[in-house]
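Read through the structures below before going on.
What follows is a pair of complexes built around subunit A, which joins subunit B in one and subunit C in the other.
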Partner chain A sequence: MIVSFENRLSRFLGTTAIFIAIILVLFPFLWIFLESIKPPSLGGRPDIWRFEPSWENWREIVFNSNVPLNILNSFFIALITVVISLICGAPAAYAFSRFRGFQGARYSILAAEMMPPAILILPLFLLLYKLELIDSRVGVITAHLTFVVPVVTWFLIGFFDEVPKDLEDQAMIDGYTRFQAFYKVILPAVRPGLAAAGIFGFVLSWNDLFYSLLLTGAESRTLPVAIAGFWTFRGIELGKMAVAILIAVIPVLILSYSIQKHLIRGIGGSGVKY
Partner chain B sequence: MHIKYKLILPLVFLLSGIMLYPFIFSLWLSLQDYRLTRINDVQFVGFENFGFIATDQSFLNAMGNTISFVASAVIIELILGLSLALLIQKLLIFRGFVRSILLAPMFITPIAVGLMFRFLLNSEIGIIPFYLLRIGVSLDWFGPELALFSIVLIDVWQWTPFMLLMFLAGLEALPKTPFEAARVDGAGRWLTFSSITLPMLRPVIVVALIIRALDAFKVFEYVFAITRGGPGNSTETIMYYIYQTGFRFFRMGEAAAASILLIIFILVFVILIVNLSRPKVIK
Partner chain C sequence: MGQVDFKNLSKSFGSTNIIDGLNLEIHNSEFLVLLGPSGCGKSTTLRLLAGLESVSSGTISIDGCDVTELEPRDRDIAMVFQNYALYPTMTVEQNIGFGLKAKKMSPKLIKEKVNEVADLLGLTHLLNRKPNALSGGQQQRVAIGRAIVRKPKVFLFDEPLSNLDANLRLEMRAEIMKLHRELGATTIFVTHDQEEAMAMADRIVIMDKGLIEQVGTPTEIYFQPKTRMVAGFIGNPSMNFMKGEISKNSELKLPIGNIKVNTVLNLGEHIDVGIRPEKIKLADSKRKPNENIVTVKVTNIELLGPRAIVKMEHESGQVLTSVVDHDEIGKYELGTNISISLASNALHIFPKIKD
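Moving on to the complex of A and B:
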């Protein structure tokens, strides 16, 4: 096949554009990484590219700061949030997918997903304050459930929709009750969906700043809130901030890479059929 | 009780407790003079809070900022995301690899993105202004003129990947026949795009637009990380305004009223978009 000049030119321009986009995406990460291994005395110098790498910032963060505690808090909060979301969300998503009469319920899940945090933070703050749960992990988990539960449920509806109905019909003919069929046959069939929804919910909770900022204190502070605290000291804390950012970002990138394929179905739910 | 109600029971209980109840509490809150500084002296004031908010100059300013932020960010993201999706679809090699890299920004915590760019664009220690100055361009990225625009750019960096994700899936799912027919008929690239690809992508575009716009209305982290609403109040967004009113000035009643006005605004916006985007031709 003869490729015309015009075709080659457009292919070249397209590849160049993609190349530029890749650089624009990667450069901030690269620069933050360089900053994290700069000796603290060279921190915040935009003109320095070559230097003796120093692990000073990393050592400080790992052994001499609250960041390990923040990581534990973030991890624990995200994990519990996801577990509760799956326990409550999976049966409901299954019901929404299989039974008639839940059209309205589907839309209310969507509406819950769209609810701006601004409207929930005020009452949640006051309630948790009265229950003396400010600066507690329980309080943050409660708040995170408000956005993780709807997303996880919505995510799962799409996965249940794709499981053929014959599967549970067959199970029920074999003598299972409806619930047993759900629990022993359908749930194992959507295991990849549960994993994807769980990981997505975990990432959402792990990344949250708004609720955590207002509901945590020294004890229960999560990683994003801790990161936000590094800038106040400006240049001095820059390297440490870079380390904390990388610690917050790297696990999430690895996790989300594993669910990329499932994301579309999840976000679109069953409402969007392409 | 039918099994279908049993299955949804845990969810209903949970959401009633953590969403419905707080939501109703919020409605009640918006009618009270509720200050964190005198929590035992709460007074019913009717719609006074709404009256105050609706005429408050800084609320209107925050609303204006948010609307221009959402409109510019979402439109740029839509165009960039669609173009990149079309380009990636044409790639013969490395397609999965390129996609994975380009999607990365949407997964990381927005506060980290905000701080990264505060660092990159800072006029004293930032690398971008440093090299721009070398070629004679002097820009104060977070100064009064550019600050809101810089926040838009940061949003574009983080969320164009979302549009890309939606459009890649949308393009992949399009049937092949219309494109083959168009090629046989000798339709050019632009004609194929504007009369086949675009109309067929319409549902995906609408969904992506709505999800992204609703998310952009919640913008808070970049503002919190970088400008705290300034300089002046040129980057104060609606979320930041509510945060300030409620947790800096301790006026919970007015903050609740503002958040309810926000919800109403968002509802109207969604209904408008859904109606405007219906195909004009009735089948």
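Moving on to the complex of A and C:
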């Protein structure tokens, strides 16, 4: 097969562009990793590439810092947020998918997403203060629900749209109530969607800095807040920060990879079908 | 048991009337087919009976018991959907047993009944498969199995054969009829395929625009259509129609000439006159009473194996279609004039529908 010059050129340019993009994305990870294994004395010296690797920063973070507690907090908060979001979001998404009295209704849930968090934070802060929930995991979970529930709901509408209505009709004829039909037949049919929406919501909560920074204290501090905390008055503790960043990023990478197939479908698949 | 009564049943979505004052009695153990063009309200009628849509006015009763307001699960019916609606996450065995589980039957009894049905439908070797690992015909069988395992009073079928290929459709058609004979339950079958309806039904209900046009046995529907719509809808190729009016002495004034008939219609009334293609014969030398001879030109011949469809045109421009047996086809030659005979008693006369 003869490949024309134009073809070869466009393939070469395409490959080069992708290669550059990959480097742009991956280089920071490499740099952070190198930073995490630099001896503390060389911390913050990006110009030094040859050094004796040291696990000092890792040891410090794992055994002599609050980071394990912060990880636990982040994990617990994200997990509970996701569980509550799925419990509220799945029936909501089902309702938006099935009952189409007002076609635009489903877009209203995105309104919560469009609002800048700064609008919510003040009332939320005052509310949690009155309830004595500042510096508590419950407080952060409440805040995270404000943006995870709408996202999870939006995400799931598209999946419910794809389940034929005949399935629940059949279940209702088979002797079940609509609610039983929903959780015995329809929910199992959207299991991949539930998993994907759950992971997506988990990552959103896990990565949140804004609410966590303002609502947590020593007890309930989450990992992103802890990472920001390495920027101290005495300078940035770059080595430790690098370790914490890697710990924060790795689960996100793994989880995102596991749902990549459903991610686009969930975000893009919720348009009303006429 | 399984007698179904619709009384003054109406259903409207917004200002659109889907079903308009439907009255129908379906006898116990009957195989009734609802037939009509798309959008005629036949599927909606079925869904109203199943309880999947709410009734706008009127009542539905099963065995004399008013079920109009009952939930689908309390009506003791089973339904087979066009796309089978098999539960995708359950195995064949779980699909069939799902309805029995709702009745809180013991797992042992459920297994027994599922096996019995699977045996009847030849599904035993597929019990552990998921629906997506089944062919269309097998999925159809599972859907039927799921319906019959519960032994309901009434079976509802919503165009269950339309997703199958032609051969499989014939096979499943025979199988459904056999099951109906064995189980003896009232069956209501929705289809838009007239051949299917003619082959399966004890009685056919022809619907159009939310109204019943005619109820009758397949023979009645075919040979004594009550309305122009029924006459035109049933039969393939469809009935020939000619526009005309009643002239003096009960004569029909038609494009192909005047024909004398017995009719109760009034002088000057506009009419549509229909004749089935197979009733148009070649005229032979012996003139029979009530026979009308017309000369037409053969314009097209379609050979369909055992028979052929012949199109012909009268000098007035009136087009007629005739069905001819294979051994007769030699008598028709493209482009030539032939004499055909229309028996007066084969004509169907319908008052003109005003547009």
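Quick note on the criterion: the second predicted complex is superposed on the first by the 262 of 274 C-alpha atoms of A that agree within 3 Å, B and C clash if a C-alpha of one lies under 4 Å from a C-alpha of the other, contacts with A are read in each partner's own complex, and residues count from 1 in each chain.
In this section, a contact is a pair of C-beta atoms (placed from the backbone, for glycine too) under 8 Å apart; a residue touches a chain by one contact, two chains touch by 3 or more.
Since the structure is predicted, the reported quantities are computational estimates derived from the model, not experimental observations.
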Between subunit B and subunit C, more residues of subunit A are touched by B
Applying the touch criterion given at the start, work out whether A:Gln260 contacts subunit B, subunit C, both or neither, answering first, second, both or neither. first
In the overlay, answer first, second, both or neither for which of subunit B and subunit C A:Pro164 touches. second
Based on the superposed arrangement, let me know which partner A:Ser36 touches: subunit B (first), subunit C (second), both, or neither? neither
Regarding the shared-chain residue A:Asn73, is it in contact with subunit B (first), subunit C (second), both, or neither? neither
Tell me the contact category for A:Ser205 with respect to subunit B and subunit C: first, second, both or neither. neither
Between subunit B and subunit C, whom does A:Arg11 touch in the aligned arrangement: first, second, both, or neither? first
Touch check for A:Thr81: first (subunit B), second (subunit C), both, or neither? neither
Which of subunit B and subunit C A:Ala189 touches, first, second, both or neither: second
Subunit B versus subunit C as contact partner of A:Met172, first or second or both or neither: second
Contact residues on subunit A for subunit B in the complex? 10-11, 14-15, 17-18, 21-22, 24-26, 28, 31-32, 35, 44-47, 84, 87-89, 91-92, 94-96, 98-99, 101-102, 105, 112, 114-127, 142, 145-146, 149-150, 153, 178-179, 182, 203, 206-210, 213-214, 223-224, 227-228, 230-231, 235, 238, 241, 245, 248-249, 252-253, 255-257, 260, 263-264, 267-268, 271-272, 274
Complex interface listing, subunit C residues touching subunit A: 47, 50-52, 71-73, 75, 77-79, 81-83, 85, 87-89, 98-99, 102-103, 146, 150
Could you pull out which subunit B residues touch subunit A in their complex? 3-4, 6-8, 10-15, 18-19, 21-23, 25-26, 29, 83-84, 87-88, 90-91, 98-105, 107-112, 115-120, 124-127, 129-131, 157, 165-166, 169-170, 172-173, 189, 203-204, 207, 211, 214, 217-218, 220-221, 224-225, 238-239, 242-243, 246-247, 252, 255-256, 258-260, 262-263, 266, 270
Subunit C partner contacts - residues on subunit A that touch it in the complex: 164, 166-167, 169-177, 180, 185, 188-189, 191
